[in-house]
Amino acid sequence: MKKIINDPKRVVEESVAGFGRAHADLVRVELEPVHVVRADAPIAGKVGLVSGGGSGHEPLHAGYVGFGMLDAAVPGAVFTSPTPDPILAATKAVDGGAGVLHIVKNYTGDVLNFETAAELAAMDGITVRAVVTDDDVAVKDSLYTAGRRGVAGTVLVEKIAGAAAERGDSLDEVADIAERVNANARSMGLALTACVVPHAGEPSFDIGDDEIEIGIGIHGEPGRERVGLEPADRLVDRLLEPILSDLPYGEGDRVLLFVNGMGGTPQVELYLAYRRADEVLRERGITVERSLVGNYITALEMQGMSITLLKLDDEMIELWDAPVQTAALRWGR
Amino acid sequence: MKKIINDPKRVVEESVAGFGRAHADLVRVELEPVHVVRADAPIAGKVGLVSGGGSGHEPLHAGYVGFGMLDAAVPGAVFTSPTPDPILAATKAVDGGAGVLHIVKNYTGDVLNFETAAELAAMDGITVRAVVTDDDVAVKDSLYTAGRRGVAGTVLVEKIAGAAAERGDSLDEVADIAERVNANARSMGLALTACVVPHAGEPSFDIGDDEIEIGIGIHGEPGRERVGLEPADRLVDRLLEPILSDLPYGEGDRVLLFVNGMGGTPQVELYLAYRRADEVLRERGITVERSLVGNYITALEMQGMSITLLKLDDEMIELWDAPVQTAALRWGR
Amino acid sequence: MGLDITWAVDWVRRSADVIAEHRVELIRLDRDIGDGDHGENLDRGFTAVVPKLDDLAAGSTPGDVLKLVAMTLISTVGGAAGPLYGTAYLKAAAAAGSESSLDGEAVARILAAARDGIVARGKAESGDKTMIDAWTPAVDAAAAAAASGADATAVLAAAADAAEAGAVATEPLVARKGRASYLGERSVGHRDPGAQSTALLLRAAADAASESTGA
Amino acid sequence: MGLDITWAVDWVRRSADVIAEHRVELIRLDRDIGDGDHGENLDRGFTAVVPKLDDLAAGSTPGDVLKLVAMTLISTVGGAAGPLYGTAYLKAAAAAGSESSLDGEAVARILAAARDGIVARGKAESGDKTMIDAWTPAVDAAAAAAASGADATAVLAAAADAAEAGAVATEPLVARKGRASYLGERSVGHRDPGAQSTALLLRAAADAASESTGA
């Protein structure tokens, strides 16, 4: 295992400390327990947004703490959802009296730990609502699974709900728009390589030099299916087909097209994939109103990508375009 | 070779086309010959900034085309500097009557092709000045080399010179500040893995599972030295030492600290390295006034990083902070 | 002869040892059908519990130890296993009450409470390929042993045997809860890491008991 | 018997073939001490030249062909080799002038002009481990052959032999120009890709000559 790290057990702590120093204008970093808080939190009268989960998905979530997006992020150990204590600490730190929204990716561990933290926060008199994101169409949402995973759609939920909170929406309003974004977002990913979790020291799965995993998550889990090498256009089609038919998205829809890198795939490939995705959508009469291309939710150094479609309405567009000032997403100020 | 590509010979064209579609609000993409131009170019009375070079370093340079930075980017084939034609086309496209600055990374091919383009542009009555960046301390700048390579410092030159042009500085003024930034910037990089150029199909060098290349460039060139696995803090020190002693940087200096990912290294490692670099600078009485952490100039999917220091003065800080609106660097608007 | 605080403390120490010893094995099992952190997570948790044992007040009961384990796992493990095991130990502590010595019946009751806590939080059913598939056979075996008059040590031995068999029996199952469920049919042929860690922990309990009672 | 347009066109076609054939070898040489694109770059360039040969006006001279090659390489190759080879062919074209047939003297003069063009642009000296280390021996051998009265075909054969030896002789050198110079001592033991492609191109010229003159 080759990584730019010191002690594998201190990776998250040291990295978050570095993040805090690099972005001292945006955030305050607490190390016991580990959480990252917007520099000017709590903001009186504003709904506080807290998200978190295992580390290794950077810039998610700490990279989205700041004006117009999250008030706090809670990074757990690599690929391990945080415990309730730091979630509680973050929730307290951002409560400005208008309540706190927990944005939770749908994994058993995240859901359970955020649940416990919410119960504890309630005991401290803080009103908490939770929105669970589950946009990954690679997983069947049925009684026979833990339900769909929350993946790249989470970034869009955080941005749009964050803008709603920033303009002064109430907790219920912010939660409702977060739910609406999640309900209109669908994602699917693939991987060319596995990733190496520092404490594990070996690749998260074995994959041949001529194989691609389709339907992977963001934790180095193997996917649903393995295929041989294929041209990019075909791979994009493989991701888009199940997404398009799921919501479904169709003629006349306006969408945000999000091509996300898993961490180890160069931009040149992401934009090449974007080109095909854009082409397919045009052919179907779907209008790409907004786009996002880059490494926004990753699985360490995994090579691969995901595609997310978000069906937009006017309010979502307005909130998407609203100013945001975070380490990883910034415009309008 | 596993990549999200179609025909290896069409990678740049298809990727740039995707870039153009994703950022139609910022840029116009021309494919014959390939160049990327700011959507509102030419801007009458403003100095035009053109940069370019081999592809594979994304977001450099197309990601920096837009308000407050470049007016055009000219991507060559992967790791191959572009020919004079597209450089000339870009130069013509951005000339608003105040002259055009070429920002050229110091490689024989880039220098020669930009030179030819500049001669051709002069024949068309366009005043061109060129600034050649050469911030890489891994290469001795002597008669016995092709001179220092232009690496991550180039991003800082483009940002700061771009802001100078945007505020209305003359061609000579913009060129002078670009030279000043280059003269005050020093970089050094390392790699944990090689990268695979699409047309080559095999890794750019062979490296063992327990080896690190120190002093690499951004083209998959091997470095000056190979060392065994070491903790991140030691690696950071290995990069910082030759940088600090070169300019030199010392007590009381104010700097911009730039930790750049080579494409395949996850953010968690970059921030961890940032932490150490910041610590070392503090110990030396150097003030980190500004920071930049992320994949800003890459070598495809190479795992590794570079550290750049830029010694700042008040004007550079003002220009660094000035609004910029590009695909890869954005603030203030 | 009942199991007392000495047994409880010894169980925790043995748990920490056995998890450290099997850390890589649990990581590998989780790597195959999950995200490869189960061994690391539990190791972090039990490593954190051990030094806290020294702070136990004089006169502490097995229930106090179980509660200490619960709170520490909840605040250090994270992931799915943290809250699930945390709840298990919390419910076990409640079932143990303030008794200073636990007989076979009590042990069976405590194991059932732990299992019920996991089900309440995780909603898994038998056959979903989770730690429940080790816990439920263990609880059933413990109840049967206790009903036939076995002492605490024998009850734990029966539970550990059943948990081990249960863990092995997860291999042919298709996962329907937890991360492994994302794999669908591809989860077949792999042992569930949580079921395996359950078997390890219950074996540690049985070993501590047979040591403490000199059986 | 002098070399005419047929030779020039044949040289270009042979160049395209030989570069395509050695594309991977040149990529590998460049990979070892550069950035692994030299074979790809030249292949792109010569592949682009070939179809343009059909557009040559009737009555074109060898100089016209050389100029066509120059312009095409300049606009399609990029990197260091594009402008350097481009300049070489451009200067060669100028030296060839409008002559329709080139004798040994002319060929030697043309090769010298090409080499001088590369030096003027790239500032490399002999021993810097660049294409110059193939060109200069070739130019010297050509001059010597021409001085001793050799015909064009023999001059090119002498040049090709010398270029090949020159390319081999770059192996022990420390690079001082181009990308390989970044490696310092680590460049020792590798053949310079540009010197190797020079040897291939001059051999193609010689082969085309011996074919066209039936030697």
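The first chain written gets the first letter, and so on, giving A, B, C and D; residue counts start at 1 in each chain.
The rule we apply is simple: a residue touches a chain if its C-beta (ideal position, glycine included) is under 8 Å from a C-beta of that chain, and two chains touch if they have at least 3 such contacts.
Molecules present, by chain and UniProt name: A, B = Dihydroxyacetone kinase subunit DhaK.
Since we're looking at a predicted model, the values are computed, not measured.
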{"item": "Chains in simultaneous contact with chain B and chain D", "value": "none"}
{"item": "Interchain contact steps from chain C to chain D (minimum; 1 if touching)", "value": "3"}
{"item": "Distance-maximising chain from chain A - centres being C-alpha averages", "value": "D"}
{"item": "Distance from the mean Cα position of chain C to that of chain B, given in whole angstrom", "value": "55"}
{"item": "Whole-Å separation of chain centres (CA-atom averages), chain A against chain C", "value": "33"}
{"item": "Chain A and chain B, separation of their C-alpha mean positions in angstrom", "value": "28"}
{"item": "Residue list for chain A, restricted to those that touch at least two other chains", "value": "78"}
{"item": "Junction residues of chain D, two or more chains touched", "value": "none"}
{"item": "Chain-level touch network, classified as line, ring, star, complete or other", "value": "line"}
{"item": "Interchain pairs in contact, sorted by label", "value": "A-B, A-C, B-D"}
{"item": "Contact set on chain B toward chain A in their complex", "value": "2-7, 11-12, 14-19, 21-23, 55-56, 58-59, 63, 78, 192-193, 209-210, 212, 229, 231-233, 235, 257, 259, 263-276, 278, 288, 291, 293, 295, 298, 300-301, 303, 305, 325, 330-333"}
{"item": "Complex contacts: residues of chain B adjacent to chain D", "value": "54, 76-85, 107-109, 112-113, 115-116, 138-140, 143-146, 149, 197, 199-200, 202, 204-205, 217, 219-222, 224"}
{"item": "Chain C - residues contacting chain A, complex", "value": "27, 31, 33-37, 40-41, 44, 74-84, 121-122, 174, 176-179, 181-184, 186"}
